[in-house]
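Pasting the structures in now, so scroll down.
In what follows, subunit A forms one complex with subunit B and a second complex with subunit C.
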Partner chain A sequence: MKSIISRVVSTLLLLLASSLAVFAAIRFSGGDVTAARMPASASAEDRELFRRQIGLDKPILEQYVTYMGNFVTGDLGNSLTSNAKISTLAGEKIRNSLILGGSSILIVFIVGVPLGMIAALKRNTWIDTGVTSFSVAGMAIPNFWLALLTIYLFASTLHWLPSGGQGGFKSLILPALVLSAEGIALTVRMTRSAMLENIGQDFVRTLRAAGLSERRIYFKHVLRNSLLPIISLAGLRVGQVVGYALVVETIFGWPGVGQILVNGVLRRDYPIIQFFSLLLVIAVTLGNLFASIGYTLANPRLRK
Partner chain B sequence: MKQTPLLEIQDLSIGLKGDNIEYDIVRNVNFTINENEILAIVGESGCGKSLTALSILGLHASPPLQITSGSIKFGNRDLTKVSQEDLRRVRGAEIAMIFQDPMSALDPMFTVGTLLRSAIRAHKKVDDATAEKISLECLADAGIEDPRRRLAEYPFQLSGGVSQRVMIALALVNNPKIIIADEPTTALDVTVQAQILERLKDLKKERGMSIMLITHNLGVVASIADRMAVMYTGEIVEIGSVENVFGKPQHPYTNGLLGAVPRLGSGSAELIPIVGRVPQPDNLPSGCTFVDRCGRAVEKCSTQRPELVSQGSVDVRCFNPFK
Partner chain C sequence: MNLLHRARRNKQLVSGSVLATIIVVLGVFGPFLLGDYSHQDLLLGHLPPKTSGYLLGSDALGRDIAARAVVGIRISLFVAISVTAIAVIIGTAIGLTAGYVRGAIDNLITLIVDFIWGFPLILVAVLAAASIGSGLLPVILAVGLVNTVAIARVVRGEVLGLTEKEFIVAAKAGGYSTVRILLKHLLPNVMPVVLVLSSYYVAVAIIAEASLSFVGLGAQPPLPSLGQMVSDGRSFLIMNHWESTVPGVVIFIMVLSVSLIGDGLRDLLDPRLRTAVERASSK
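Let's look at the complex of A and B:
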């Protein structure tokens, strides 16, 4: 319990630190903020006026304090490009990203864990070889290429699925699968090796000697012991999924946090970058927090 | 008085089969376990005693190890021939086994209570209350003082001695006829060792069960066993009652083993080690496997393999035993 509380506190500190880092990074990254709103013919004076309007002439620390002050009172600012309130934009983007990311993480474990178990159970057979080869491929193929490949095959050639956009379940399939590919591959390997390691443990022999069925030993005891590394992997996966979401959402035109963030960066839309990149940091740290809480709950040594 | 054999092992050989290797590790082993007795199998590390024990319940690592000849008769069945499912029904229910290192032999993710309940339910359909009742009884029988508290504990919370008692309880839950104990005290403190052995001896009396005790510790044998078999390089070289084997060892190896144990009150203070080394199982002498280390070897010892034959009180595998 104590370890969970200290985890929560350190997570909050981490969020604060990363908000500062993101804030500074945007301001030092160069590019012209006025290009988002003003025509190319705008005069230097007008551009300077615009910078002053949005407070960019003030010292960076003061800007940060103002921003955080607004942030905690719920004022997230407006997009420089469309002038839309970020708080209204955020809800839909977050929901879309949660749908995509959540289904991806679900797919990773629903597909990856059983495949890894089968590979371990049928070790050194063609089934095992097949599953492990697929998982090597899953790790080696970059997801942007896999995305283009699936669009070419399932959308432009076979016309089974839409190539992008957010139009219900059908349009979710391709981006969710592409986003899951590497996670499935890693989970398969992790599950397989953890199962194989545990099946050789002394306690398995004891359970056999007590007359437990192989199925029970495998699915209850060996799986339960293999769960810990799988849960740790889940925490790392959240970070990966968030990172890859930028690429996958952009390619598939999925209107989520990743897509708006990439567009924001391209247009130097400071408030947008500011808020949505912080959102990604929150997603990653929350993912890790949940994973370590899950790890603690699943491990009797830490729970007691 | 002729005793009824519960388990009869006849001409059992267990071989290692790999890509380029093939040789027997356990060779032509014969022995019986009778009702309500403790049989000790004694020998050095690597002599095949644990492998023999594991093979009774089909728990040896197969492949690469496999039974190459012989039979294991239990009741009217031959355990080397029954299906995996039939073997599973024997495990824990009729013949149970306890192992050497109790700390790693218990599943760390489950409480003692859950482990005991799983073992009970592997053979019987019982409700939680009955399972708990049996568990508490068996923990108490295994010599655990506060059994109810232990039910909720995880293996990592237990000491070595308590873990071993939990293992014994795990073996007792289905009230088997035979318990095979593979070096049950080797990993424990000396004082705990004595308590565990005492417990096993009492269980034989209270429950009328038989125990096959694998050990390399002759002191353990002397204190609790009824009969003993001495193994060397995968063979039984001498088998008989503890009294007879200890009183008048006939095989030179047994004699050497006993001579290498310090004894209080014996005349000579000097220990006599057995000279030489144990030959490797893939490179055994063609005759008696003890010939190179034996002081009593005669000519045919290096050419002919001796059979296990009765020499009055004990059976001995030797051409020139001590008389």
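Let's look at the complex of A and C:
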């Protein structure tokens, strides 16, 4: 319990430090901040005036405190390119990203764990070879390339599914599958090797000697002992999904946090960059914190 | 000798090494052989392979896809391998020191390392691009930072286990200096796991560089990057898919070869590393 409290405190301190670092780095990113709003011909004085208007001339700590104060009260400023209120945009973007990321994590475990179990139970047969090669390929294929292939096949050629955008369940299928590919491959490998490791253990021999059926040994005892590394993987998946979603959302035009952040960086729309960067830093940090606490609680050897 | 013999019989290691050698040769010598990658000829756009002297066809602007791909390979190799190599050296040094010295320094290092490690490489690269602008530099910084902490984390864990072992206790009792214990006794024992992991991190770095360039935040035109080539070709998938297919397949082969080498090394050096490595490489 003590270790959990100290971890929470130190993580929050690091979160504070890193949010300040991200904030400062974006504010110091040079005169280009004005490029999103002003024509190339704008004079240096005009640019300076604009910087002063949006408060960029104040000391960085003061800017940070002001920003965080506004952040907490929900006043997030406006986009420099579309002038839309970020607080209005944020809700929809976050909801879309949660839908995509959540379905991806579900798909990863619903598909990955059973496939890994099958590969372990049928080890050294053609089924195992097939599943293992599939997972090696799944980890090697970059997801933007996989995205193009699926769009080409299912959208352009077969016309079964839309190639992008957010238009209900059908438009979710392709991005969610592409976002899950690498995770499925990894989960298959993890499940397979965790199962194999446990199948070789003494307790399995004891259970066999006690006369339990093979099915019961595998699905109850071996699986239960193999779940711990898989659970810890689930925690890490959250961070991974956030990373890959930046790319996948952009390709499929899925209107989520990843897409708006990447477009913001491309257009140097710094209020957008500022808010959504901080949002992702906080989300990933808290995700990791919960994962490590969950892991400690799930593992009796670490519980003190 | 025994190790070499086993290495030759390891199918994954052999096939991975063959593919990697081809890729490295293409990346190093290809740009000299295939000529100008930026030469445009709008009349000769969208050509399929083996036409008008274009080995792998031409892109929308009539540029030679093969010539651009080999330069793309070179950039990708530079970012992934040389940056990861530096990260491995620094990360190993940090991990060795933290794990052996312990105390307050170790606590601080572990805290920071664990925190950074929690962030996916692509997100760190996008944040870096958000701060210093698009280009190869944010990708290089992100690969360097994330891979350094990833290696440091694993090395520290290994060292914690090793310092309890008799041979280290004996070396300490024998009055050897800390530096000697670190370099002569601990380093050789953490090398296998570092070697295996760094091949996975090279794979992740290749994907990150390609992904960033694909969305437009990595290598900037006219510099050809594989990810950016795939992106350029996506509007012409139906007309002439080669512009995307060639770089896409190249990235796939690059990542595949490095992962095969990683799997092969893992089985060769220590099969017991299996789960430990997979847990750590879930980046």
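Methods note: the second predicted complex is superposed on the first by the 282 of 304 C-alpha atoms of A that agree within 3 Å, B and C clash if a C-alpha of one lies under 4 Å from a C-alpha of the other, contacts with A are read in each partner's own complex, and residues count from 1 in each chain.
The rule is short, and it goes like this: contacts are C-beta pairs under 8 Å (C-beta built on N, C-alpha and C of every residue); 3 or more make two chains touch, one makes a residue touch a chain.
Quick caveat: nothing in here was measured; it's all calculated off a predicted structure.
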{"item": "Touching partner for A:Tyr244 - first (subunit B), second (subunit C), both, neither", "value": "second"}
{"item": "Touching partner for A:Leu186 - first (subunit B), second (subunit C), both, neither", "value": "second"}
{"item": "Which of subunit B and subunit C A:Ile94 touches, first, second, both or neither", "value": "neither"}
{"item": "Which of subunit B and subunit C A:Val265 touches, first, second, both or neither", "value": "second"}
{"item": "Which superposed partner A:Ile293 touches (first subunit B, second subunit C, both, neither)", "value": "neither"}
{"item": "Subunit A residues touched by each partner, larger count belonging to subunit B or subunit C", "value": "C"}
{"item": "Touched partner set for A:Arg216, first subunit B, second subunit C, both or neither", "value": "first"}
{"item": "Touched partner set for A:Phe203, first subunit B, second subunit C, both or neither", "value": "first"}
{"item": "Subunit B versus subunit C as contact partner of A:Ile127, first or second or both or neither", "value": "neither"}
{"item": "Subunit B to subunit A touching residues, read off their complex", "value": "57, 59, 84, 88-93, 96-97, 99, 101, 104-111, 118-119, 122-123, 154, 156-157, 167, 170-171, 174"}
{"item": "Residues of subunit A touching subunit C in the complex", "value": "10-11, 14, 18, 22, 25-26, 28-30, 32, 136-137, 139-145, 148, 151-152, 156, 186, 189-190, 193-194, 197, 229, 232-233, 236, 239-240, 242-244, 246-247, 250-251, 261-262, 264-266, 273, 277, 280-281, 284-285, 287-288"}
{"item": "Contacting residues of subunit A [partner subunit B, same complex]", "value": "201-203, 205-214, 216, 220-221, 224-225, 300-301, 304"}
{"item": "Interface residues, subunit C side, partner subunit A - complex", "value": "111-112, 115, 118-123, 126-127, 129-134, 203, 207, 210-211, 214-217, 227, 230-231, 234, 237-238, 241, 244, 248, 251-252, 255-256, 259-260, 263, 274-275, 278-279, 282-283"}
